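Below you'll find a set of structures to go through.
You will see chain A twice below: alongside chain B first, and alongside chain C after that.
== the complex of A and B ==
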């Protein structure tokens, strides 16, 4: 680094707008190399911190890698057997994937819808109330997932939870029900937990976008006779396309990888197989059993899946923009 | 280290000699003869067993330095993080010299080649016949001892004496008496959990499997076969889950309870009977001092009297292959697992020592919260399959899956136990 800077910096300092040198070819080459030279240190750091672990994960995924291999340090190549086992698992197709995808769709829709509604509310508030409300929702965001999960578990506890108590006091239910044993009631609670934990991020991000929508356009639309809903969907939403893209992609990635919120629920750690999702399933089947190769293979597949979802989404957004 | 140069050199040469002697087929483990001056022994002890471990290990450290000249460096590791810590340290080659390993982990780490065999050292110290059988069995892998029995606990049948006295009930001695007592409690206190049947607590299930005459799994030659679907096992599982599903004597919440939830509910006074560990009485009183003197224990009743066996769960002290000075390491192991320190640790923590001669003293105790557990320990102790794959069975929660399916009414005892037996057999055989 210290050897590159003195040579690269003077060249780059004054000459970038108008190349006027006598040797344009080497100039152009220098111009091409310059950004890479400047990027080199951070690329190097990224390569060490991100790329190498990524490569290692891919290498592990092609091995039967357990505690014994860790001790001996010997590789144990088995080709694509891990991937074959994953894709051949009936549990994956009948329980794990439906749970994961179904939950992610509902959670993303719920988080984005609720977060946007809160953002609209925030945008219509005065400064004082906006500060108060946004700090309140920030508290929900700042709460660690573990703590939040336990609070929901207490609320829905079968014997002493406030939810069952209320239903029984109102005479709607005779005997307490254990909501954690049913597939749908279990995920309804996870959904509440995840939306509650995830909506503040959406609200704050969308609010920033909302405040950037030109007032003139809204006023003009109002003059033309557009009602509140129409103004929202035809003026504001198109303006916020990029914001929604970011928010939806990030939420999708987060909600696909949900782990603690399921694992910490009663029965969520594997004793109720009906509620396994991808995160818990991969933990139970791989790391819980010291099958690190198998776990790496699951991680590789999950990464590919999320990358393709993101790619498809980014493409549709960009296409609409070009039209 | 204030030792002069000469003793250090001497110590090193002694160490080298010791190692040569050991690898030459050995007279390892000569107790007090080890000279570890200038050395440091790294030890990992699990946390969450004994509230006052710090002081205890200060004393141990002083005694150890006095005996061997080496420093003792004890690091406390939370049970919850411990397995991951072991794996990462094995991967990085930074394992301690000696560590406390849970009895189900010892075969797993031994299978991976991370632990050093202890058989010769134990023979050399003349301890072979003075160790508790159940713990030796759990610490033996492939015919070789890898885990030195240190301490263990056992689960028995704990009941709320306040409720029992009020209703004039006697402690149950057969399965029928458990059911009758529970029905009486439920009739008098409909809001109470008469007997806690938790869905996510595998060690509270096995006593009924064994009590009914079944097996969790047996090894024949190289092949494991699970007996969870045998008629005896099914009878036991039917009885235990039937208390909840047929007679409604447990609670809706208990379907997803772990052992910690049972403990919490019992300490609150909400539970009349439960299968609980010998280490829980102290925890119950710590959580709720009002419970002091309001509960007692009996060995888990057998079907028609006698005792239903229960798992001896506890810890070994294991020596890692990476240890530089194995004689020094064993000197520490011997010091901790026998005699004065072993006894003190056991009495402080509410566990039983792994040395038979010390255990006999505990059995003679007349403490109503020690004697029944001691009786269970000696007459009704059992071990889960000593296979490195049993950790995988636990990770898959095979037994809990079975229990929850039965308790939530999703599956019959026949179907659930057949599925569990199949999975257990497959996992233990590595299929």
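== the complex of A and C ==
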């Protein structure tokens, strides 16, 4: 989402609204206070509704926080017991973490590879077809996660889904298969859903970058005898390093925290423990079992994982760009 | 890159066709099932019996009219509040240099990366303490927060793109800062404001986890995203109805999305300053 930002014009010249030459002192003080007055409402909202909750989730994670504590508001400190329980549970190492990380890696690789391939295809098309295909891609992008997930569930539905029906009509299968019970087939459907929903962002962003690569460079390389693959990997990819960095890291962040796409699938809301990922596990422990402290501890671990990725993001991409 | 042998063209045509099928099939299948009276009872790729019954059923007995109203209220309120707050903050960070400016921008960026799963537990407790569980107001408060950080970052770019010379011209003509903001900056940032508002609208319209958690059993306050879910459980085999509900949720978002892309594509202040 956030890479759609129009490129920022340098702030330099506009740093203060007008030359401060020989203005009365009170006006200068007003000019100094103005940015803070403008920022105040937003900062207040962010502090109360984002920063304080973030601190609070850490505080909860150090407590045995259940329904009783929610009602009474009394703290119930237990130190790092929640974290010890999480890190000591076989479920984390054999199911939740492999599901979360394995899925994120496959989803990011799939989304970026497919999105880039589509961008290359789009770049080679004429204007009319490019507009038609981009509009179709927009439609896939605009599909809300909730309805998109239902459509995929419907397509793969065991009894009446079009996927099973088609396979059976073609004689490839005798009886309907329930694809949602197996761990791998479950995540294969989630993967299809997430790639379908995520590749448009990659395709459109990379396309914008591709169109910016100087034609002369490509023509020069072609004259020197570089083939299509070579031109792609040795000229286009290095030119688009920044674009790829943004796309990969944003996709990583999004794919680590897939929630609705798993939660809304049959068995995804906790009844099938085999398919839990970090986000769903945290939610199910909190709101299903009323173990808010334990759920918070899982959420803290997920956040730490994502913040370290964000740190990489900030370092590699925003380093050169002036804020 | 100018080789246009017939085989090359055909190969490209096949790729485009495959891409279009993959991209559009879910949308097509949603619409086809929604308008089909026999959805789920045939294995054909085309609707067997066109009908509007699924929609009538969803809107009437499924309670979607109420869910739609709730979603419009929540999304509308979110857009209004977050647009005002984000615009003011964006002007501050784009137009003024002050101490801590970079740190604040960083903070806003980082805050945006926090997973919703980490916020849902403390915000649930907080909204509960405010006695707003099960109400639309509680949801608006949460959605404004979610939309705000992104809105500030996006609007910041739009504000920065307005040439400073225009502002200075206004000051030379004797305008106060407020007058300049109202008559010069605001009209020029308007397209960006529209784009940002549409993104906030989509955020609020699509959001699922918080609606699920905060609204709990208050069925009369359900938004479309979770209204569909309760409906789905109730009539789990009536896929035609589920897809009709999905269509009602998806179509406005798709229209808005295409609008937003146009807005972002057009040059924002092209021609604002003459030679």
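Going forward, the second predicted complex is superposed on the first by the 258 of 323 C-alpha atoms of A that agree within 3 Å, B and C clash if a C-alpha of one lies under 4 Å from a C-alpha of the other, contacts with A are read in each partner's own complex, and residues count from 1 in each chain.
Here is the rule we use: contacts are C-beta pairs under 8 Å (C-beta built on N, C-alpha and C of every residue); 3 or more make two chains touch, one makes a residue touch a chain.
None of these values were measured; they are calculated from a predicted model.
With both structures placed on the common chain, the touch criterion links A:97 to neither chain B nor chain C. By the document's definition of touching, of the two partners only chain B reaches A:181; chain C does not.
Of the two partner chains placed around the shared chain by superposition, chain B and chain C are both touched by A:70. Looking at the shared chain after the overlay, A:147 reaches chain C, while chain B stays out of its contact range. Once the two complexes are laid over each other on the shared chain, residue contacts for A:289 go to chain B alone; chain C is not touched.
Using the contact criterion defined above for the overlaid structures, shared-chain residue A:138 touches chain C, although it does not reach chain B. Of the two partner chains placed by superposition, A:106 touches none, neither chain B nor chain C. Touch criterion not met for A:173: it reaches neither chain B nor chain C.
By the document's definition of touching, neither partner reaches A:213: not chain B, not chain C. Counted by residues of chain A touched, the larger count belongs to C, out of chain B and chain C. Once both structures are placed on chain A, chain A residues 70, 157, 160 are touched by chain B and, in the other complex, by chain C. Chain contact summary for the complex, chain C toward chain A: residues 1, 12, 15-16, 19-20, 22-24, 26-27, 29-30, 33, 40-41, 43, 45, 85-86, 88-89, 91-98, 101-102, 104-126, 128-129, 141-142, 144-145, 148-150, 152-154, 156-158, 160-161, 163-164, 167-168, 171, 177, 180, 192, 199, 202, 205-206, 208-209, 213, 225, 228-229, 232, 237, 239, 242-243, 246, 249-250, 253-254, 256-258, 261, 264, 268. The touching residues of chain A, when paired with chain B in their complex, are 66-68, 70-72, 157-160, 175-178, 180-181, 266-267, 269-273, 284-285, 288-290. Residue ranges on chain B touching chain A, taken from their complex, read 87, 90-91, 108-109, 111-114, 193, 199-200, 251-253, 255-257, 265, 270, 391-392, 395-397, 400-401, 403-404, 408, 410.
Interface residues of chain A, counted against chain C in their complex, comprise 1-2, 4-9, 11, 13-18, 31-32, 34-36, 38-39, 41-43, 45-46, 49-54, 56-57, 60, 70, 73, 118, 121, 124-125, 129, 133, 135-148, 150-152, 154-155, 157, 160, 162, 165-166, 168-169, 196, 218, 222, 253, 256-257, 259-260, 264, 278-279, 282-283, 286-287, 292, 295-296, 299-300, 302-303, 306-307, 310, 313-314, 323.
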